[in-house]
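Shared between the two complexes below is chain A, which pairs with chain B and chain C, respectively.
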Partner chain A sequence: MSSLNQADLGPDSGEAVSRREFLLRLGLTSALIAGAGLAARKLWQPKHFVPGFEKETGLQLANYALEPSKVYPSLAIAHGTEHEKTIRAAMTALGGMGRFIQKGDVVVIKPNVAFDRPPALAATTHPDALRAVAKLVMEAGASKILVADNPINSPTGCFLKSGLTAVASEMNLDLMYPEASSFAPLQLQGEILKHWTFFNAPFKKATKVIGLAPCKDHNLCHASMTTKNWYGLLGGRRNQFHQHIHSIVSDFALMMKPTLVILDGMNVLMSNGPTGGRLSDVKPMNTIVAGTDMVSVDAYGYSHLLERDIAELTYLHKAHDRGLGNINWEQTLHKEVQA
Partner chain B sequence: MANEKPPRAGNRKQFVRTQVPSVERAAAVLILLLLAGIGLAIAFKGRHFNPDLYTVRTDSLSATAAAVEGKSGTLREAAPAPVVADPAPAAETAPDASATPAAAPAAAGGEGEGGAEGAAAPTPAPTGEPLEIALPGLKPMSPTEFYNSDNLYEKIDGRAPAYQGFNVVALRCRSFSVTAVAGSFVDVYEYRFDSPVDAFGMYALERDPKGGPLDFAPDGYSGEMGYFFRQGAVYVQVMASDQKPETLALTRAIAQNRAQVLPADDQGLAGRRRLPAEGMIAGSVGYVADNAQGQSTLKDVFQAKYQAGGAELPFFIMVTAPDDAAKAWQSFQDFCARFGKAEVLPDVNGGRIFRAQLFGKWKVVYQRAGEVGGVFDAADAGQARIFVEKYLRGGTK
Partner chain C sequence: MKDLLKLRNVRRVAQVFFFSLFLFFVFVTDLRYLKGYPVSLFLELDPLVAFATAITTHTVYMGLMWSLLLILPTLLFGRIFCNWICPYGILHHFTGWLLGKRRADERERIEANRYKKLYSLKYVILIAMIAAAIGGTLQIGWLDPICLFHRSMSTVILPALNLFVPSSVYVRQYFHVGAWIIGFMLLFLVGMNVLIPRFFCRVLCPLGAFLGTLSTAALWRIDRDPHKCVDCDLCLKSCEGASDPHTQLRKSECFVCFNCIEDCPEGAISFKFLPSLKREVSAPVVPARRAFLGTLIGLGFFAFGRTSGASDRNYDKKVIRPPGSVEEKDFLDRCIKCDQCIRTCPTNVLQPALMESGLEGVWTPILNMKIGFCEVNCTLCGQVCPTGAIQRITIEEKTGTGPFVDEGPVKLGTAFYDYGRCLPWAMETPCVVCEEVCPVSPKAIYSREVTILKRDGNPITLRRPYVDPALCIGCGICEHECPVTDEAAIRVSAVGETRSKDRRLLMDGGDVSSVRDLEKRQR
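And now, the complex of A and B:
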């Protein structure tokens, strides 16, 4: 033990540190901290990102809706037996197509062509409805009409069998089939729809948008009308939203602010929707509903065309509660006419 | 006095190492060098970002991507199946469930199409037997499309869950143009299910109550624009594009063809076969898989409505093992006695019968060997008893 000296004892020995040693240690510690700081500063990459984890961004659709009118109705209900006369009557009640479409407008018409079914089965937008709407839009002076949908099934087959290809050819409308380059990521603060691939190509030059939907039963969400019609603009594996179908459909009222929506209730698919398959599933209701508020239009369609209790249509209540439309169509400025 | 050691508690001795072996010193130096090296490597790597490091490997997603890209439209254009000009009907077979599924996926192609090298190439799409129908005046519009339960939504979208609920296995479908009528076509859908009972269940769910009976398929009906029937485990839909006479005639011919070609299989449908045809209200046949009449013992029950003696009588049949049939009958009687009034009637032709009034409605239920059945929810007890006794005597065909 006699060989033990002071330096071997270390800090635990309780020995006092000399001024020289204290300054030495302080200097070393300060140099280490300064070195670490300098190294961190040198290594810092403010623009560093990891692909796939960057903040998601995407397009936001333009608002194609008109300013609300205090003069014209926002909802028109027309009854008749022929598509053209009835649609024309509904549009006249709304103030005429000229209220919505001006000379030179590029108009996107979004039909529901989800299936390769013939028109009689009422699972898709009827060719006579497209013909009538396109005619009115042309009369209003539109420079171009684009007809676009993204069916899950073969687009060419769906457009062909539904009879819309023939109408497009006959009236020189531009049919836009979805291609890989037609899609772009959409950014939305929806209840469930936040960031998703969207059939954007038709909207690049569009100045006005019209939704033209059949009124039909739907196996999952009770009804497919003008609000659900926008589902056909999503790309990818969109069926995964079926788990939250009422949320996603209500998000469409946020996603799309169309100029006009038209609900074709001339022949309504009352059961076995959305595909149908039998004429017995179809009931003639001889009604066209047109308006600027898709929630109001669908509320009328569900209660008066599908003849069901509006209380059960969750997605419409969600949209109403979020201020995206008015489910109480009776409270809106509306007009009912006979063609 | 500053160098004086403070007093220590107890007799503990301090551990002080006076000799550190050179090996230990070398190891310590090595560890320090290694740590410094790791630090330098991290610093170097951090300053030289490799963008490939976090890039999503699309090839690993090819299986899922293909299903999207490979929707039937893409498939149709990318990999058209050969169309047989004059196929022999004898060569036609029902789709093989093991071969049919997942047709669309990888035919979709995309980057790996055409046998691209490496693991990124999608697996070639399995397909089933093409749907060939050799009838004069009929021409295929497109190749046969194939779907399985997972990608059925690509064809029928939101309707798919209803079919999945009955264990659909596959769908093959094809469109045929009617050569005599420009623009007319006929769609043929063949949904293959897990069992004939499943196929019947889906068929019954979609049945048109106004449909007319078919002479070539017992579980079938015709509508104004199509024919719908179950054949074996397949639910067949043959739909015309319009009501033109030539189109409707070919639609019927196709339906008859499918009924002949598809193998008959009524496994699990014995109850359905025993439902008498006489007096049956068209389109009223239904199937209840479990808990029929609120009875856990009544499973795989077939029921239909009948017009008899001016009354409408719902009638059901369950076919099972004799012991199970006896238990079900007894259990049903006990239930009726507990919640209403039940009495045993005299046996008829080997069948034992009870009659019960429950919640204002009448039931007359029999059991004979492995069969339990009877009239339920009848307003007229007399007619219900007459109907059941007549059935047991074989008087109702």
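And now, the complex of A and C:
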């Protein structure tokens, strides 16, 4: 700029600019015009759209289930007094953890830590249960275990006070909080669930998925067990789910095809669910149910742990009728053992 | 080597240390990292906080005893806090250097560091705040530098940092109502360093004024030897406090930064034990009429605020205070608006009030259930509160369990349904998310099954929710989780809070609390 000013104000200001300067200045202005035109063309949005009605797409979740076995039972019920022994007994009855987890597997364990509660209130997955399952999975040769849930209460508080943060650091598990960047849209041909934001970060590298749920009363849908547990993998406006709760919960059986589900019925939240709050809401039932079919597992849990009439558990019947599992667990290959 | 050991380098080490310590405390004021760190230490060291709350409450709350630690060096050396320890002073020192006239010529810098009459404003501010405290409202938090810096960190800087680097501070982004006001106030105060170096410290800081008053009695003081002095004014070049070391030192303005000693080419300036006061302006200069005006403003602030009625009959339903908070008028006696509670709240429910609790309650914490809810098993806000506006209650005291069954839980307010907005009540749609998330046992929200004919003539069975006011603790998770997100169909309002006898809803005993009585017997 300063050289131009000097030229303008100098004694020779009447003189024409040099050819070189003329071309440079003309070129610069032309380039600016052309650049603006090209940028506008590139960024131009020629059509309107209707806000809120854009076409949605999303990822499809992998199938983590094993091929059905004719030799091994698909459901195991173990009775005992200690988490580790009882879970081990249930897994042995199913054919051992080695049947499900191979060397090098990256395993997602999905606990239920929806609420900020101490373990004794049985509203969340018990830390002893997580420790026992993680131990078995490690023994089977897994290279990594990810623990993930999207709680209703504050995530850090839920993980901390349920005791799972302590287990994760003790056993070197990767605890994954539901950060904004952890979610991606999911696509599903569910009865109600078609597109929903999904807690996808843990599943980017996962090769196996284990659901580890407490057995709980629920105010609206009667019970929260291994099928309802997948609720914690969804984000967004989950408080709308209650409007079609039974259809939605049965959609979870379509959404997630886990390697294994484990229902922790050592201490069962019998009333005031799903939050509980008093020790008198909890009853020791000293049972672990494990299996490959969450519908069978939950059917046993509802009738034998929550001790209620399976006829009223609409979402499980819906899942059964849609071929997503077998509600008649007695008719499946099962095994009941004492730890 | 000798250069490295210069006084200003020693001071810089102290500044970096205390500033880092402050940042460390701010960062770990989070459920995940809190452990046992004394995260409110700087507030507890602040003698203005202890002094002003002692006026309003006639007590010195718990850790505020630590402020004695800071009074001692002030009585020995003067305002050493301002340029060695105060994180807000260090911020202004640094930003003043960064944005200020550091490259300008020496003369310009010397002129910028001359004492101005404007600098006595801070004493008027301090007098007004103390007068307000004597009247019965604590307002030091507006400008006390530690409160101001903590508040800016909690409501603006950390949320902004997390906005640019997601999940660096919070798992989910935090929001603070009116954060932009606090943010622009911070930018304004920092920006003013361009016009007047250390603008905040020299002109506004009530803590500086308090320490300046104390330093009248300091034993060690900057002293200029007039026989060696050649009147070059170079001692003003980096004078942080604008304390006129080139002529009669104003001890109350001196930040004890020691720059003048090292900037003096003649070695005329020294830090001396009990020098003669003849060459000094040894006490703050505040004209009596200004002091009187300050007193009037302070008493007026109290009177105008109180007679507006926001802390009395005309209290706002949105003034839902954190669990463990003392009764509203006592709360205004104690809260210093430092917003440490807001920083540590794990659900982001605590928000700085604007006008909800009146003139006196600006930036005091209230619960906003649209943004968060009060976690039942949590009393972190009371753990970090330095003044006891939120008392350090335990979980058992909060939930009314263990030995506290007879007292029952601390209630923050009461939830009320707006049935016209409620899906099962008004729109033939199943819902009761509120009942699901209600954390008390037995649940304060219960539902009754009804079968109704829908508009199309088909029957539908759904559950319609109710609140049992005897059981509701006002935690607000029902409101927070309600799918009617703009204005929830169930909303908590302040009435029913246990901290105030005047604002309770139900009498103890009687029919309405029978479930509560039953619950007590079962325990």
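Things to note:
The rule is short, and it goes like this: the second predicted complex is superposed on the first by the 284 of 339 C-alpha atoms of A that agree within 3 Å, B and C clash if a C-alpha of one lies under 4 Å from a C-alpha of the other, contacts with A are read in each partner's own complex, and residues count from 1 in each chain.
Here is the rule we use: a contact is a pair of C-beta atoms (placed from the backbone, for glycine too) under 8 Å apart; a residue touches a chain by one contact, two chains touch by 3 or more.
Given the structure is predicted, the values throughout are model-derived calculations rather than measurements.
By the touch criterion defined above, A:Gln243 reaches chain C but does not reach chain B.
Counting residues of chain A touched by each partner, chain B versus chain C, the larger count belongs to B.
Of the two partner chains placed around the shared chain by superposition, chain B and chain C are both touched by A:Phe115. In the superposition on chain A, contact of A:Tyr72 is made with neither chain B nor chain C.
Once the two complexes are overlaid on the shared chain, A:Glu179 sits against chain C while remaining clear of chain B. Applying the stated contact rule after C-alpha superposition, one finds that A:Asn272 touches each of chain B and chain C.
Touching of chain A by both chain B and chain C, each in its own complex, is seen for residues 115-118, 152-157, 161, 180, 218-220, 237, 239, 242, 272, 274-275, 277-278, 280-281. Listed in rising order, the residues of chain C touching chain A in the complex are 30-32, 166-167, 171-173, 346-347, 375-378, 423, 429-433, 435-443, 447, 463, 477, 481-483, 485, 522-523.
Interface residues of chain B, counted against chain A in their complex, comprise 2-3, 5-6, 14, 16, 18, 43, 46-47, 49, 51, 54-56, 64, 67-69, 71-73, 76, 142, 153-162, 175, 183, 185, 187, 206, 208-211, 223-226, 228, 237, 239-243. Against chain B, in their complex, chain A makes its touches with residues 3-4, 6, 8-10, 12-16, 39, 43, 45, 48, 50-53, 114-118, 120-121, 152-157, 161, 166, 180, 218-221, 224, 236-237, 239, 242, 272-275, 277-281. Only residues 115-118, 152-157, 160-161, 177-181, 218-220, 237, 239-240, 242-245, 272, 274-278, 280-281 of chain A touch chain C when the two sit together in their complex.
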